[in-house]
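First subunit A sits with subunit B, and in the next complex the same chain sits with subunit C.
What follows is the complex of A and B.
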């Protein structure tokens, strides 16, 4: 698990990881399952579970459109 | 270089890689499969309740062969609802503002209803072109009018969705630009435009939901005539 790896062992840990498409798909699936079972698939899940996903989507959309948005910063007429 | 207000509708790209596929697939993240449990978590319970509501609404007027369309109509409804509502979040991209996408949804589905009708019950389908009780001299003109109205349906379906969402997004952008521009100059007018913006956002949320519903409802109506 990434949290248990000591800093000096990071490169060797990275070398051990499975970077094939199947491996990456497995990692994505595990990440999704972890988030789902922690915040959504609980007895009294609240609004926070899905709000975090939407907030992440907004932030990712901002990053994707930053190249276009940076022209607006010092523009006089928008 | 003149930045136009239509730049928000440009298909998103990152280093030349089109990102529209990710914007289209994001709603699936918000729809977890319920699993095998009898009592699901709150999100799945809400989604199952909503799905049952719309399926019942759409399928009640349809006869038995029409129930084959339950899956595609309800999934279309959920997809349009989610993409429209997600487009109202800041910086997000709404794929349904692209006419290409809405025509790609409207045209094949409309054509499917038309061909189903023409294949299984051709005389009844063609009979819909002439309403009952028309005076005899009017018949040729009315058949032409009804044919035109039939052929313009996919165009109307696609353009209606595109135009409603595009207009809403444009209005939001214009009024928010006005609010920000007026803030240093006349703060009271800025508060007025800000309240208009709030009302407009509420309207846009409603429009997003209504347009999805109207799209699917009209398709089911065209289906009822033909199946």
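What follows is the complex of A and C.
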């Protein structure tokens, strides 16, 4: 549904969504189901199904620990 | 997304739809839940998952950029992003980078070498599971079919009911006949016994009368022999004996 929204209508579309906890949980469940049914719940599942999840985990943990990693930079000014 | 649209519109559209395709059609792609029974038959799993390039980026991204940038678009984007992160040190090169490089190279080498074998093994396991489930289903179907045939046979047997009842009727008729004849025989025997009794009575009476008469006649005859007659008869006997003895002496 997000892919069908034009850029100009983005804010109105965003206002339309329900942000109740039940709504958010429903959205999470829908996203999970979509991913699961597309990449994992198949006859011959490939490696991409889990490597994408692991890569996402790696990236998210890098982002969360960036403040700590900032001090390892080689140059101060970029 | 399209499927969700259809899901929302389905109850309204259901009333206007003609009767849906029968439940026996095999779905070759993910079917929309447009039929009234959406649980049976369950559509089969898709054969392959979504395409992923280099194990990290879904194919849809490349297709998304293809109309505007051609084939090399995503690669240029990737290179640009990488150089940007490196130059601005958003991605910092430190000892962890070396560790990550070593781990990734080992992993990729292992996957490239043994990937197909592991996939074949997993496929074999899956096949066995599916085969057992299929066997169960086929056995159940076979059992039900034999049950149907037996049921049909029973229905055919019901048609023979008339013969069965005819045979039973014949049996009963024979029993009745036999019983009747038995009783007839008893009656005959009883009557014969009574008649025999009467006959025997008469015979006995006649015999008794005869005996009695004979005895009475003998008694009277013996009584009628007077002493004079006895003497005469004895003298006659003696004369006869003498004559006989003479004749006997003569022959010797």
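We adopt the following convention: the second predicted complex is superposed on the first by the 74 of 78 C-alpha atoms of A that agree within 3 Å, B and C clash if a C-alpha of one lies under 4 Å from a C-alpha of the other, contacts with A are read in each partner's own complex, and residues count from 1 in each chain.
Everything below uses one rule, namely that a residue touches a chain if its C-beta (ideal position, glycine included) is under 8 Å from a C-beta of that chain, and two chains touch if they have at least 3 such contacts.
Quick caveat: nothing in here was measured; it's all calculated off a predicted structure.
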Will subunit C clash with subunit B on subunit A after the two structures are superposed, or do they fit? fit
Between subunit B (first) and subunit C (second), which, if any, makes contact with A:73: first, second, both or neither? second
Given the superposition on chain A, what is the angle at the CA centre of subunit A with arms to the CA centres of subunit B and subunit C, as a multiple of 10 degrees? 70
Taking the superposition as given, does A:9 touch the first partner, subunit B, the second, subunit C, both, or neither? neither
Based on the superposed arrangement, let me know which partner A:45 touches: subunit B (first), subunit C (second), both, or neither? both
Min C-alpha distance subunit B to subunit C after superposition on A, in Å, is 5
Interface residues of subunit A shared between complexes with subunit B and subunit C: 40-45, 49, 62, 72, 75, 78
Quick check: in the complex, which residue numbers of subunit A touch subunit B? 36, 40-45, 49-50, 53-54, 57-58, 61-62, 64-65, 67-68, 71-72, 75, 78
Given the complex with subunit C, which residues does subunit A contribute to the contact? 1, 3-4, 38-49, 51-52, 55, 62, 69-70, 72-75, 78
Write out the stretch or stretches of subunit C touching subunit A in their complex. 1, 4, 45-52, 55-56, 58, 87-89, 91-94, 111, 115, 119, 123, 126
Listed in rising order, subunit B residues that touch subunit A in their complex are 1, 3, 7, 10, 12, 14, 19, 26, 29-30, 32, 35, 41-43, 86, 89-93, 177, 181
